[in-house]
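Which chain is which? They are A, B, C, D and E, in the order written, and residues in each are numbered from 1.
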Amino acid sequence: MSTEGKVTPLVEVRGIGVRFGGLQALDDVSFDVRPGEFVSVIGPNGAGKSTLFNVISGVQRPTSGSVLIDGRPIRRYRPDLVHARGVGRTFQVARPVGSLTVRDNVLLGAGGRRLHGVLSSLRPRGRDKTLQHRVDDLLELAGLTAVAHRPAAEISPGDLRRMEIARALGDEPRLVLLDEPAAGVGSDGLTPLAELLGRISDRGVAVLLVEHYVGLALSLSDRAVVLNRGRLLALGEPDEIRANQAVIDAYLGTKRSRGTVVVPPATGTEEER
Amino acid sequence: MTYAIVVAVTAILMASVVVSLNLTAGYAGQPNLAQSAFFGLGAYFAAVLSVQHGLSFWAVLPVSALVSGLAGAVLGAISLRLREDFFAITTVGLNFVVVALFKSIDFFGGATGIYGLPLPTLGGTSFTNDHFLVLSALLLGLVVLVSKVVRDSWYGGMLMAIREDELVASSLGAPVALFKASAFALSSLLAGVVGAVYAFFISSITPETFGFNQSVLLLSMLIIGGMGTIRGAIVGAVLLTLIPEMFRFASDYRSLVYGVFLVLVLRFQPQGLVGEDSWLARGAARLLRRSRSAPAAVTEVSA
Amino acid sequence: MSLLTIESLRAGYGRSTVLHDVSLRVEPGEFVVVLGSNGAGKSTLMQAVMGLRPVTGGRLLLRDLDLAAQPVHARVRHRIAYVPEGRRVFPALTVEENLISAWRPPGRGQAACLDAQYDLFERLRERRSQLAGTLSGGEQQMLALARALISEPELLVADEISLGLAPMVVEELFEVFARLNRAGTAILLAEQSAVLALEFATTAYVMETGQITLSGAAADLANDPRVADAYLRMS
Amino acid sequence: GGGSGGDTVKVGFFAPETGFGSADGRSALAGARLAVEQVNADGGIDGKLVELVTYDDASDPKQGAVIATKLVTQDRVVAAVSGSYSPQTLAGATIFQRNKVPLVSAYAVNPGIPETGDFIFQQDFNGEVQGRAGAVQFAQDGVRKPAIIAIDNDFGNALVDGFQAQAKKSGLDVVSVDKNEFGEKDFDAIIRRAVDAGADGIYLVQYVAEGTQFFRALRKGGTDLPVLSTEGIDSAGFLDSIGGLAEGAKITTNLNRDSTAPATKAFLDAFAKANDFPADMVAASSYDAVTMVLDAAKASGTGSADIQQGLRDLKDHEGATGTVATFTDGRQVVKPVQVLQFRGPKLVAVGEITDPSVITP
Amino acid sequence: METTVDGLVIGSLYALVALGPCLVYGLLRVLDIANAAALTLGGYLVLVLAERSGSPLLGVLVGMAAGAVLGWVVQRWIYLPILDRGPIVTLVTGIGLYIVATELFRLLFGPSQRSAHVDLPLPDLHLGSVRLEGIDLLVLLVTFGVIGITWYVLTRTRSGVLWQAVAQDRHVAGAVGVNSPRVIAAVFAVGYALSALAGALLSVKYDAVYPTLGDIPAYKMLAIIILGGLGSPLGTIVAALLIGLVESWVVASFGFALPRDAIAFVALILMLLIRPQGLIPSRVVKV
């Protein structure tokens, strides 16, 4: 897909800068994400990855630059408006609605785009058949069927992270932003997670992934963006990134690291791409 | 008998306001300590328009609803700007301000209040307490119905999400400002209608009737019963209306009993008497489960 | 005498027991790692040791002192320090105030202790007057660790220090741990990055559904097929 | 209306026993009880003992209607007395009127109370009467430019309305009207304002707590303007708490402690014996209201309608607060207004306003 | 000028009352209405003991001690167990406690206003045209003393940091060695003792105590805490003085144009519209 060329980007990040007091958390960052593409955002701690997600999802207004979705810029940085344009997200620290069940959490993620107004949103959330099917499907996809009826406050951290992903996918977004989905997921949980990410991508949803498990991230990605101290350090295909000396110095390190993990590619993905 | 009916009507009307309060305080989690101000606005507009301008009971109901609803929307808009605790105390202040307005604006009849509301008529006959009983029960039914619709809708789910985490709610597509303001408007509108009926029922009102103490009482009812549940709102309102009545004989100790009851319940059942995960709710759930699982076990064995 | 003795410990949440008869020892100067998958009970164990989770059975001794009878803050006075799971820095305190809150008067001066931590984590020196809540995820993790180390503990109880940290930083951290350990600090670590953990630790325990199922020298366990199967496949 | 079955005559009563009005509630209840005890000691009415059914309205206006309903429908009282403030009395009055049970308000001053209907009577002179009497008294004392400092509730409003209406007729020029909230403590600034406005006297409509603070501020500021106040501070607690601060100030009220009238003397003696606190106008008014009801029952019968008739026919009723010739057509009373002055530890009678054009409602 | 001095004295009393609840709020996010009960308690004890023993000072000290004990009991047995239930539950519980307290006072000391005519051996102060009564002088001195000490402790000693740490996460604060229960108990004890002190001064100044003495301070204190920026002691003091001054000025120039209690809340609402974070905001982080 990266070789195909002339496709309108789904999201264009143009010269984004974010300043917090004296700190330039992001500085003139530009790149784009094409429909269905899988892009990783990696970089050291404090590089500005989460800040970048906050800008793209409308939580944080940038001090300079702009974000375009389908060629049209975001004018009002409001998460619900960005959501309505087909962008879903998760948070670095999972944020469940703890008093609701896992199923209701996912259900909340599904339906916002069609039910924006107060009156239309008053329809019973438990009755819409297509909505129910989608939610069941997402719970199944994320492997949450067993815990679907437990309050979100009580489930394990691993389940919680997958619930966040399912919830972000609820409204059939064209792009999801996933902030460290593997953090806190045990080593035995990484393979299922990688498979889940692969399946999301297979559905044609573009993915922007922040992850310190670099091996996992790069093995799934079409391209990767590397940030360092708010600046774009490198942008390219996984192999270029792995070989990039600047990236190694700033982030990957020279010694053996978890960057060497190789995930078995999910079957069937090659042909489709 | 009539006394029982009067107490019943009072309890049902209180339950209706508390169920409406549950929309903002329970579902949307907004610390709303001003519900009696909206209740009072409804009552006051009803009283003024009927006593001084001769409008009928049925004509003032929609006016009360509208006025309270609009005022609620304004409060909702304020809530958008303020952090939780700032907002809580702003609502405390709102009570004092509204009472001051009732007292100092001539339209509202000043400190003396308004008395001598006529009995509503229906098809030519004047209301009796029995009529009030039916009317208030219908009103409670309406408020409960509206609450149920809200609770089971995407809108209601989002209100609960807003209660816990506004950022999450808006990232999932909820227009937080619109939802919050509309929840306040809806809750206040219902309270205003109840206020209008209440004014006609007790036939004379004074500013202090709708002051901070009343707001606290309404919120106490909700918390004692179980915040965030319709049954809790009703149980709390009924209990806190009945207990002071039942303790009339202990005149000198009545308020003390009320205070002690409040503290003891909140201390030992802070989730409310019939709220989620209260002793009663848990016990009921256990009973239900037992009565359901018993036959299930039999079929399993025989299968 | 063991520094920390955990014997047949039971602990949990309300009515549900999570830890069933967990026994474990930390000798002075030892580096013990507890491995286990999500929900195994590692964090519950760490919290029980600190007194943040009530213990419902078994014994918990620091040398011959009955820890279970000590309130949380008193355990810190007995030179145990704690890195909670998920950072939990004080968000509205600055980086420096976070550190000061954990500094204890006897011992070296405040300035010297602060400097020692800043030397360890240069990034924190840079951000010393930033409110901790606005730090990035990884920076907060560093702060949580520094906050534990500033009290110069004899026993460090740490829960998932690698969470959200860049790979290079994780390696550096393990090296820091090794150095501390060589200088005499005993470490009890719950961790999911099993490869690094087993490489640096002296002793390892594997926990499954609230029970210890395997234990031994870290080097031995690293070669144990059961461990490799469950915990080393991916990392 | 209620019947008078059984072997007791049930009379309802309510007062603010708790809440901010609890001091008045205590006096009111004591006065009412005294009246009933005396009648029962004399053998009751037609051989039947009188039972006083009392409720606490907790100083809460909302309770008026509920208590009234309870008294009427549950306790089936034949008549009732309000020992409470105007809001509660008004709320209850509607219910008594609808059920045709007579109610006598002991000391609530809102002129609207008897307007509720033909079963509702007001024992004390209403607020406007007392306000008018205040203006007359001030004029007599040589004050020309009074300032008004009044509490902002219907008690204050009624008195201020009466005072202002009469002020013009008596040649007074009111220089300022200030209304304060219940619980106000700081009168320094407001007194300074009145002085600056050129006031040569202060008409003070307050309750005990606010009244005490007013006099403290007045003395502290070194002002010695003449002060005329009202029955609002005619309370057991006031003389005790005020010390000598109110020395020389006058009040208008209905209870003359120096009265030589036998009814008043008898009441004061009996009250002093039965209670450990002195009688005040609230106690005396409640006592009078209850005796009126009982006298009416003695004269006309113990049914509600009988008592209503008896109250209408009431002639020259001698009470602790003076003699009531009769109830007017508007079911209010015509009684002289007493003027008392603080002298040392006592309230001393210094005058009486009897001008019919002033004291007739 | 006279008005300004009045305003300052009243504002000082507000500050003294509001300081305790402000610290408690900062620590536990509890809007503690029950604190006003300590005010009434202090008022009664100083008058009763002055009457019985002739020494107002003894009354003040006993009042403060009793206040401290009350504060300790309230936090230990009432607030701490329900803290996790959120601010609304604790707020209403506090209101319940306050109702219980006023009822007990009424039953114990009778419903009427009491006074004892406590004369302090303090000279009046004449500053030009302004006469400052002895008690007013005392109020100013005590308040500024207390404020000074609080300010020193919170900003110049490590206790300030520990207080903040407990405020943000009392469980983790324990795990870094802070004795959270003791910090909480101390803040309550001090806060209630200060309120008792304020109550004593108030009742001597106005020579009156009654069961509902705490009513107005209870709610005005909330407005002041908010105005000051919720949990920021300095802001609270500034706000208290400001409210005292504004009230006096408004009354002096417009009379009781607005109910005095509404003034505080109107000021509050106006200010929040301009500065939603309070006069001197305490530190908050949106995560």
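Convention: a residue touches a chain if its C-beta (ideal position, glycine included) is under 8 Å from a C-beta of that chain, and two chains touch if they have at least 3 such contacts.
Bear in mind that the values here come from a model prediction, so they are computed numbers and not experimental data.
Path length between chain A and chain E in the chain contact graph, taken as the least number of steps between touching chains: 2. Set against the Cα centre of chain B, the chain with the most distant centre is C.
Taking each chain's centre as the mean of its C-alpha atoms, the one that lies farthest from the centre of chain E is A. Between B-E and A-B, more C-beta contact pairs join the chains of B-E. Look at where the CA atoms of chain C average out and do the same for chain E: the two points lie 42 Å apart.
With centres taken as mean Cα positions, chain D sits 76 Å from chain A.
Taking each chain's centre as the average of its CA atoms, chain B and chain C sit 49 Å apart. We define each chain's centre as the mean of its Cα atoms; on that basis chain A and chain C are separated by 30 Å.
Shown for chain D are the residues in touch with two or more other chains, namely 18, 152.
For chain E, residues that reach two or more other chains under the stated contact definition are 103, 259, 261, 284, 287. Shown for chain B are the residues that touch two or more other chains, namely 103, 252, 255.
All chain pairs in contact, by the document's touch criterion: A-B, A-C, B-D, B-E, C-E, D-E. By the touch rule above, chain C contacts chain E in their complex via residues 50-52, 71-74, 76-77, 81-82, 84, 88, 90-93, 97-98, 100-102, 104, 131-134, 147-148, 151.
Those residues of chain A whose C-beta lies close enough to touch chain C in the complex are 20, 23, 43-47, 49-50, 92-93, 156-159, 180, 183-191, 212, 214, 251-253, 255, 257-259, 261. On the side of chain E, the complex with chain C involves touching residues 158, 161-162, 164-165, 167-169, 171-181, 282-287.
Of all the residues in chain B, the ones that touch chain A in their complex are 149-150, 152-158, 160-161, 163-165, 167-176, 178-179, 182, 228, 276.
Chain contact summary for the complex, chain E toward chain B: residues 25, 29, 31, 77-78, 81-82, 85, 87-89, 91-93, 95-100, 103-104, 107, 219, 222-223, 225-226, 230, 258-259, 261-262, 264-266, 268-269, 272-273, 276-278, 284.
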